[in-house]
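Look at the two complexes coming up: chain A is in both, with chain B in one and chain C in the other.
Coming up: the complex of A and B.
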């Protein structure tokens, strides 16, 4: 009889345990909308490798609050209209708790509104446009990577040292990111004495940049600032070389020349200067491990997208654990002001505009690696909080 | 003003011309296949991409660029024959030929596109420019490879024209395009001519692929980007017309080149498609008639 009752007690305990494990074992779903097709397809691939890698590591170490992280991918292309439909699907059909992996800035802004309607959170790890954490900020959208403004101020400081009153020519793709990165850099550079030699906006995915070279040659600039990315940069830089336009210093935003498009350029990008928060040479223990592991998985060197996308899951994990829940309102509160360790240094999510504050570097491309030239304090690069929505 | 002509307008028109030749090479295969087989080949862009990737593979295995340029069109011939025999022919006699072949080749293009991405990855590749450098004429810089492209492209266009209009094969192609049954009863091997023409169009796309690779780089979506302009050229020039493809190709790229000096370059594509819409509204047969018709 006594034996029986212990058995029943044991069964009861087991049943409760099973019940709780069933509840605990419910997965945390993270949606991702990287571009797998179109001009940014190569960035999409980097995002996928980085997310898969970090999710596997987090799951191997016990998940987030004991729950497994499951990634659900959809192709965001570079098309806000398609991406909003797919975001809607991720939120309503797949019921993802959190969304990331958006690249195209216009798309991030559009998907941010979908997140707002569904009361779920979105964090971008790639989009540059200032508007995302500026005048079009959203309580549901966070940015882990540096904004266009942060990059611009770091690069403008370099340009001021390079040549006093340098004549700068600007070339970028004609959409949110291209225009906003150029506007930001121009503002910062002109504050420090640079002049504008000319400005041209080409369609995203332009096939032939040589049509702009005549105007560029006639303007005789010292510096060419480019805000192209992906395949566009490959075409621009190789065509510049083809036309012998090599007597100006090439600089640009941190998306212009990255490890995913560098191989196709030959040496056309040698000496290219940009600013950013990441280089494989930044000396932190985490970076050493990460850079090697990423290279083994992706067959290309780790870059800024890889590092920021990898760390977005740490950001989410830390926030969920602090909130003790995946509820969007609680996680949002936990994300505000959250400090965590990124791959190449500390990041702090500014509560006022949801922009991660982090140290920036001027970086010079030598061979296939960016070498840090000078460090710019994160607070100083970020400037004031301009978001007024909350 | 003179400065503007010399530094801006002249190079602009010249670049437009080089780009125009490139587009014509793409449009030629498209228009020949349409003119003869009455098939709108949506996978033409992917044949262009496959040609470029085949070139990259040959170059990577140590083949000289010029040898690769000669080999790629030959490698594309079986691709064209197989596509025509195994796929297009299966639905060719259906009453819905236009819809079915369009959907079939569109599906094929998606398979090819994803296949290229799986094999080569999404990152762009680029063969080295085989003739770097250039010459300066009256202050206008002419890159050597583009000049070469213009001359070679013109020679290829002339050769295609000669094959279609001056050889017995060409006569058979034109006869089959004009009246398939009559040509067949007069002893033209129509079935073989169809395969050969499809393969020829495919080879032209592949050749354009490798020739343009050093300038425009190689990546899985490259076909999509060119095919839209090539289709516009074919529609404006007249579906199936060789002369039309050449003239419309050179004309439209000049419109694009000059327009981008005056308005934002982003609007040059809409201008192109606007012209296409106007042509479809007021002269739906295009500037010139079809192959085998006048």
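Coming up: the complex of A and C.
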């Protein structure tokens, strides 16, 4: 009797083992390299919650072509040197079919090259450097989120609507990112008739911005464009309010005022305008469900990173099902020109540069949330395809 | 002995001579132990390369190649710390300069392995001369802080220079052909490039091993042990330190030149403080002043980081704890510990020490 039961137990174990190996062979492995440590760790957590959430939902609904989606995480650390090595591990050892979750733009470019050399595909949902789908585009890299250029042109289109020939004053931190963000917006705004009232660069981490307020007041701008971030934005916006410089519209890039620094500035950022592709208030049925579910899982409000990362699995699923395979070349062909439903609206992957085209919004900060003001057509915001690699 | 006229001069002299002979004998045993460790290291590396090459592996071979490259940076830390007694907190600067120089040469001048090696040596010598002239004027903690500052400044400048790719770094570095005349391989051939890097590291290691036994190497140790005494022996400590600094920066820069061939990109992060501290940690884990220790340390560190990183996201804490354990229980590092065991054993064999 005992012998019988052990035999049965052994058989049962053998059967489960066989079952699991069979199931493993059929799993679709998706690798993710979000930053779990370093300056972008909070974004890394958002990425993990969004991917876990969507993978569970897809698996509950039968997976991709009946195959289960398995996520394999490695810490990208916001360091390209570490991330390239870990990407190679994901491709070579874990044998992932697809990679996502990269944040730091330089890291996305370096890891994209690893993907290219391993003949696998990468899609970023956060990195916004124009180079990724511009002059340094790669046949193996796709971008689901809007590029920096799309953000700038959407905001410039809003500014042109706000006042014809608006006088814009620019203020940013004195380093490459601060300057290039301003240059980007300025180019787009001036194309649409805006004029420059002045341009100043403060040292990164400046304590006092009031020294610039005299010339700013004298220039009488209609709009102040800022490319500051983090605590710099807190000081700048608080001081502008203290000095009563409130008769101009405050606008800036999407990193200027975020949930990270919003609490520190009281209501000094009230009415601040930026551009983006996401707000929890964009009225689609999918968004309503998503925003609630995400908040319950992550204990924070859903943001653009959450929405784009959540939808990257839908993008991949649609492409694999269209290709009928996980083979990189077939999936790439399927991804080109693919249209799918994102959380807050339709996205179309442009075949020429692998940039997802999507409607953009001018977003106004009211209370603690960004409210969509005006929709900007995705095609218009994206501008021409500048990639010449294929 | 000079102030004690009553003692005959011959007795202490012979005692001193015996002590010197004993010290010399002990040092020979120590180096013999390290030489065995280095033979084990290089033989093990060759066996690993052959075995994994035949297996057709990619990831572990390339990870090992990276460990060797970072091992050279640790070697350069060891020249400064283990021989001249100088703690550099910015050794990644010279690694990064070599890497950027290599990347630019490969992208814009010529896809030549040998040209990159030549240019990275040149960059290492020049930047080492400049950095050294600034840093060695200070001693101790001030020296360390200056090396740290120099690395931070240059990394920030590159971070903000659009022509060098700014924060995005430089990608799209072509895959080079490495030709030795009789044999050639490509940088994307995992086993082939592993052996190329192994050969470069072996040459650097053997060169340093030779140097450590020359009067120059001895004089450097003299600077570490008692810098103030060196002028009385006719040496100029500043010149010795500058020579060590330039040697170290050149080796770090050569390692830098190899990096973009392996990974295909460079970015300002290569020069960050993290990269410098990794080299110091590898040196300390392996054993300061042992030359082969830093190579062992680098292999251990790179593989541990990769493995722990997969298991937990708190890998920095694990590495930190490991470092503390080594510093507390094996202050001379793993190879330093091995050396102590060998020496202790040889003493008991001789029938007891002093």
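Criterion: the second predicted complex is superposed on the first by the 265 of 390 C-alpha atoms of A that agree within 3 Å, B and C clash if a C-alpha of one lies under 4 Å from a C-alpha of the other, contacts with A are read in each partner's own complex, and residues count from 1 in each chain.
As a working rule, contacts are C-beta pairs under 8 Å (C-beta built on N, C-alpha and C of every residue); 3 or more make two chains touch, one makes a residue touch a chain.
Fair warning: this is a prediction, and the values are worked out from it, not measured in the lab.
By the touch criterion defined above, A:36 reaches both chain B and chain C. In the overlay built on the shared chain, the residue A:136 is in contact with chain C alone; chain B does not reach it.
In the superposition on chain A, A:243 makes contact with chain B only, not with chain C. In the overlay built on the shared chain, the residue A:208 is in contact with chain B alone; chain C does not reach it. Here chain B and chain C are compared by how many residues of chain A each touches, and B touches more.
Once the two complexes are overlaid on the shared chain, A:187 sits clear of chain B and of chain C alike. By the touch criterion defined above, A:109 reaches chain C but does not reach chain B. Legend: residue contacts after superposition of the two complexes on their common chain; A:265 is shown touching chain B, with no touch to chain C. By the touch criterion defined above, A:366 lies against neither chain B nor chain C after alignment on the C-alpha atoms of chain A. Chain A residues 36-37 lie at the interface with chain B in one structure and with chain C in the other.
The touching residues of chain A, counted against chain B in their complex, run 36-39, 41-42, 44-45, 174, 200-203, 205-208, 210-215, 217-218, 230-231, 234-235, 238-239, 241-244, 260-261, 263-266, 300.
Residue ranges on chain A touching chain C, taken from their complex, read 36-37, 74-75, 79-82, 84-86, 88-89, 91-93, 105-106, 109-110, 112-114, 117, 129, 131, 136, 175-177, 180. Residues of chain C touching chain A in their complex: 57-59, 62-63, 66, 159-162, 165-169, 171-172, 188, 263-265, 267, 269-270, 272, 274-275, 305-306, 309-310, 313, 315-316.
By the touch criterion stated above, chain B contacts chain A in their complex at residues 3-4, 7-12, 15-16, 19, 117, 121-126, 128-129, 132-134, 141, 143, 145-146, 214-221, 225-226, 257, 260-261, 264-266, 268-269.
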